[in-house]
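Both complexes below contain chain A, partnered by chain B and then by chain C.
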Partner chain A sequence: MKGFTKYFKPIYPVILINIIGYFLLYLYRQPYEQATVFSGLAVIALICITYALIIKLMLGDEYLFLIVSMLVSLGIIMLYRINKELAVKQILWLALGIALFFLCYFIYTRFAKWDKLIFFYLGGALGLFVFTMAFAKNIKGAKNWIFIGDFSIQASEIIKVLYILLLASYYTNPEKLQINGLKLMGREICINHKLVFIVISYCHIGFLILQKELGTAFLLFAVFFLFLFVSGSNVWVMAINACIASIGGVLSYLLMNHIRVRVDIWMNPWADISNRGYQVAQSLFAIGAGGFFGTGLGLGRPDLIPEVHSDFIFSAICEEMGVFGGIAVIFLFFIFVYRGVKISLMAKEPFDKNAALGITLMFGLQTFIILGGVTKLIPLTGITLPFISYGGSSLTTGFISLGFLQAISNKY
Partner chain B sequence: MNMERRTIYVLVFVSLLFFILVGYLTCFELFQKDRIVSNPYNRRQYEIEEKTLRGSIYDSRGKVLANSVVTDGVQKREYPYGPMYSHVIGYSSRKYGKSLIEAKFNNYLLGMDDSSAVLSIKDKLTGNAREGNDIYLTIDHELQEKAYNLLGDRKGAIVAMNPKTGEILAMVSKPDFNPDDSELEKNWSNMIDDEDAPFLTRATQGLYTPGSTYKVVIGAAAVENNLSDKIYEDKGTATIDGKKISNSGGKAYGKIDIKTAMAVSSNVVFATIGCELGEDNLKEIAQRVGLGASIPFDIPVSQSAFKYNRMSNADMAAVGIGQGKILVTPLHMALITSAIANDGVMMKPILVSRVERRSGIVLKRQKPSELYRIMSPETASHVKDMMVEVVESGTGKKAAVKGIKVAGKTGTAENELTARQKNKEHAWFIGFAPADDPQIAVAVILEYSGSTGGSAAAPIARDLISAWVK
Partner chain C sequence: MFETLSTILKYVFAIIIYIFIYSIIRLIYLDIRSMSAKAVSSSGKHPYLKLLNIREELPFKVEEIYILDGNKTIGRSNDNEFVIKDPFLSGRHAEFLLKDGMIYVKDRGSKNGTFVNNERIGSTEVCINNGDRIQVGSLSFILIKDE
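Entry: the complex of A and B
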């Protein structure tokens, strides 16, 4: 066994998957294109160089990046099969993401006052909200995109990172949010920091709902609620928050058409299959068509699913790589969450602990929300599958968070 | 509880979410997907159908019963025997969908099952035309043809099977239809509204009162409760709980035992036995022979029913003679008959023996398996003796075949029409042969025929038995 482990490195399966994937893609795309080979080599080179740097420079946990590189590889292979142009763009985003990963790693390690910037995070998030409300264009029904020249950035991806930092700083220095000596109508009032924090969190969620970013709103609430639990909140505080969320959920179901539509589709996508239920139905067809072993790369019809390159990429993976392939993706996220929680437990300083846990939960819960959505386990709320879906904002902010997590893993 | 511990709880919670997803996906693949992918909005379905040469269906000796041919790039499903297999194989039409074997084994016929997916990767990569898999039925074409002709234009069903293995040898339901796509197109709207229900597969989905054929079940319960040596006084009629029970033609048979009562199909004696057995025994034996349970089969089967909560004496008397709130499918009666022939063991019915790739690799093979043990071998042999007597000297004489010992039971079942009209009884016959080494079990029903089972249904069984047992 020792001899085996000596020659077997965990990076090999990642390389192997890429070699097999691009070989099949090369066969699949007629006429044969050299670009396919070069794309494959580019991805392998990016992954190997990054991994080598992490090992050589001793940047902490080596498995985090390995897991992520497997996810990214699967995602780009699938994208290449669906739409070559998007895959090439995604490879560029991957390069940028890796650069940001190292950058954030070093910034996080050098800069020590992360927990003091709570108002900066808050201001940043509010600024983005106001900016997007005022100037943003509507993409796919969500009003959350910022345009800079030809580029569009999804603000909610940045807000997610800011919210995690805010959360971590609050739980490190809660008293910063305490409002004392506020003069109102001649009386001096004190507002407890817990209440302030809860109000701030609900503001984030409310803005996201207004911008029709239901997936992110749901995600932030889930992270917020789990943090209430981890920080040892009173049972009553949690119960009241659960009540508020339920009432809010019911009210928005009754008042907001786009939320009602989501729930109705979830209950029965077949009733309006040609129209509103079309997407989920196509997703289920794809997952069903693949069976356990999949049709094989390039041999299914994932292109029949609308938005297959972003939110619905998991259905495409299930169709062509089989439900076993899909389960493999879920297990990769599972071990990622395990590593992340372990890093949080090993960390000594409260901010590191909270940030590590927040980032991990963000990835884990986001995965569940979108996978549950495309498989019709829970109502579908548009959100990307971390590291796999196409999208520059999603991939780069994913690597930013990963850089933070990597830095924390190396501190202890 | 400290923060570390709570963090671990959160990890457990998120892991649980992931495992729920994995479980849900697995369940989806196993149980839900077949229903979902066949939705007409799934374009994959007809794209695959167009590029796949749909598999053929053969009888047990390799005779082609259904195949697809391509002319000028258009694929057409052909059924060489027209309506003869319409209630076995069903139809496969782009417009009207699929039924029976064509529906249930669609994935195999199109080569879309998981094992085909792995085996046909080479074809896909080389761009060869896809080929579906072939299906071999347990049906024997010669016997099917015989049964088909014997039933003629009468409404009803015939099921013939091998009692030792559960293999269905012939299965006919009438009225039937021509499953050819263009014929369906012509007749569809008429057939949908037709009161004779030509789309109803009577052999597996027709529910009928069993009438006197149910006496074999009551006979088994009587043997188990030591009533087989008892002598009954048959005066031709009896009144039980205010309900008048009379023998066919009002005949009185005097002092007889159960064997003679079975042979002459005495309603008076069996109604009495029904009451003597009592509610619990009647319910228990009904449950044991599978009434109210679903029968696993390769095409849809209706559930036979025994719809009693509390039973009065009149109910028990009615059940004793196979009337009352009992409903069975012809397939189920064939299974019960087979079980008596097979020492009390009911075999799972099999219609598809195997699925093969064109290259000869077997993808699925159905082996004989036990479904229920409905009675002990001793009881079964007792009932068998009674059934032999039926054919030798009783109501089933017309089922007798020279040189072969046939066991059987006739039935003339009253139904919802007999109360208002004359000559609307169902004519039943169930039987098997040779009694000492059963090779075939048969259930025949002629619905609303108005004749007795002994005169109308028994000769059909006789001809099938003599054709099969050589």
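Entry: the complex of A and C
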């Protein structure tokens, strides 16, 4: 029992943050609404039940979910302050996400043939690409949303997970992608599996660029490149890939107008502040207005930033919770990545190792890309901040990946 | 009213988040330290069993070193001190006993038997010394004991 209370301790700050947050939000919204209290209780209950289940059923690493629960709490409190309806939806997504988390955990531990399904992952991703190209509607400049009734699903989020599984199964059984005995003009040719894999990866990235999903394209390339490095590839293979990427980047800068706009804004958002640079400029103003400890919840004006609920939620956190709050978020992602890398190092089967590394890299790089974007460190690309930003697809696929990571952590 | 409250609580907010981060990092640190402490104490005065199999090749969880700082039972079921999920181990396989600085081992009615230097032992206690090989299931250990 003593051990139980000792392990239960880190959950207290999470609960306390939620209590203070929703207490403030209850006072903030005039007239007072009971819905605020219920939302807060719902979030606390979800987090506590999940954490207790992880501890009781001994589902492996408990720090992962603790860190994620803090991130999710901060995200939903901030969303509730910005837009109540979205926050309530996000709480529903959180419930669905946690259900999927457990489901994926159990599927991953029961089902052993994950590394054999490489063509299934490939087919799934390509199918989604074709489907989105044919049927998807255009939302916010990116053509990657699938509509099913009233729901919209962001296909690139699912493709991300499929690509990680593809990577992991390729590095487990590379010879599966070898093409042997292909007849071409009377001659038999063999194509090396490395070449096939690189072509497949660039196909993914190319499709994403066609759909104007620059953030996800950059993310997949970064994961792909780091995997080349981790798997101990030839220096020349890496150098050639870096060259291809640079040439591709320069070409797309020259050819595609929207990429040029992004880079121009990044170089100087103040040149066209009332129009194209407005979003980044407002984000920088918000971060600046916050100071060290922020303005306090409900006292800032994060609503001035367009898209503050999804891509720019970090600016809102910085404004109302201060630079210390922002650094805390970065810190949380740091320890999350640390845990992920440790799980990957402890794993013994190659597929588990690669999948854990891929998932960790995906979360870490995604955080870097969007935080760099909103703080004008790198050009802004629309991508969500994992577990914090509003977005059903983003949150649920985040929890699916987390379920896989949790399952891997319990195997060893 | 709301302004003052929010202004005060923003400091509380920051402090709580950092307490949380601190507690997580502390637990992770303890986690790492307990792992390295195991390795350190194994080189201390207690005798220990060292695994001779290549650990990475075994499809189940097994430690490199098992420290004999008291009477220890080994087997597949969870009520043993040394739980190893080796399919060739019985639920309650064998027991190590410490008496007056000597170490004894006895079989606890296992299916596949316990071997000391390739000789199968029964339920009577057998004294083992430094450098003896103990085989249980598919695992073989060597006893390390400072004289």
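One rule holds in what follows: the second predicted complex is superposed on the first by the 404 of 412 C-alpha atoms of A that agree within 3 Å, B and C clash if a C-alpha of one lies under 4 Å from a C-alpha of the other, contacts with A are read in each partner's own complex, and residues count from 1 in each chain.
Just so we're on the same page, a contact is a pair of C-beta atoms (placed from the backbone, for glycine too) under 8 Å apart; a residue touches a chain by one contact, two chains touch by 3 or more.
From a predicted model like this one, the values you see are computed outputs, not experimental measurements.
Looking at the shared chain after the overlay, A:L79 reaches neither chain B nor chain C. When both complexes are overlaid on chain A, the residue A:I17 reaches chain C alone and has no touch with chain B. Among chain B and chain C, the chain that touches a larger number of residues in chain A is B. Contacts of A:L27 after superposition on the shared chain: both chain B and chain C are touched. Look at A:M321: by the touch rule set out above, it reaches chain C but stays clear of chain B. By the touch criterion defined above, A:L59 lies against neither chain B nor chain C after alignment on the C-alpha atoms of chain A. Contacts of A:I305 after superposition on the shared chain: neither chain B nor chain C is touched. In the superposition on chain A, A:S231 makes contact with chain B only, while chain C stays out of contact range.
After overlaying the two complexes on the shared chain, residue contacts for A:F293 are found with chain B and with chain C alike.
Contacts of A:I343 after superposition on the shared chain: neither chain B nor chain C is touched. In the three-chain superposition model, chain A touches both chain B and chain C at residues 27, 293-296, 299, 331, 338. Only residues 1, 3-4, 6-11, 13-15, 17-18, 20-22, 24-26, 28-29, 32-34, 36-37, 39, 41-44, 47, 112-114, 117-118, 121, 124-125 of chain B touch chain A when the two sit together in their complex.
Listed in rising order, the residues of chain C touching chain A in the complex are 1-3, 5-7, 9-14, 16-21, 23-25, 27-28, 56, 61. Only residues 27, 226, 229-232, 270, 273-274, 278, 281-282, 284-285, 287-289, 291-296, 299-301, 304, 318, 323, 326-327, 330-331, 333-334, 337-338, 341, 344-345, 353, 357, 361, 364-365, 367-368, 371-372, 375, 377 of chain A touch chain B when the two sit together in their complex.
Listed in rising order, the residues of chain A touching chain C in the complex are 9-10, 13-14, 16-17, 20-21, 24, 27-28, 63, 66-67, 70, 74, 293-299, 320-322, 324-325, 328, 331-332, 335, 338-339, 348, 412.
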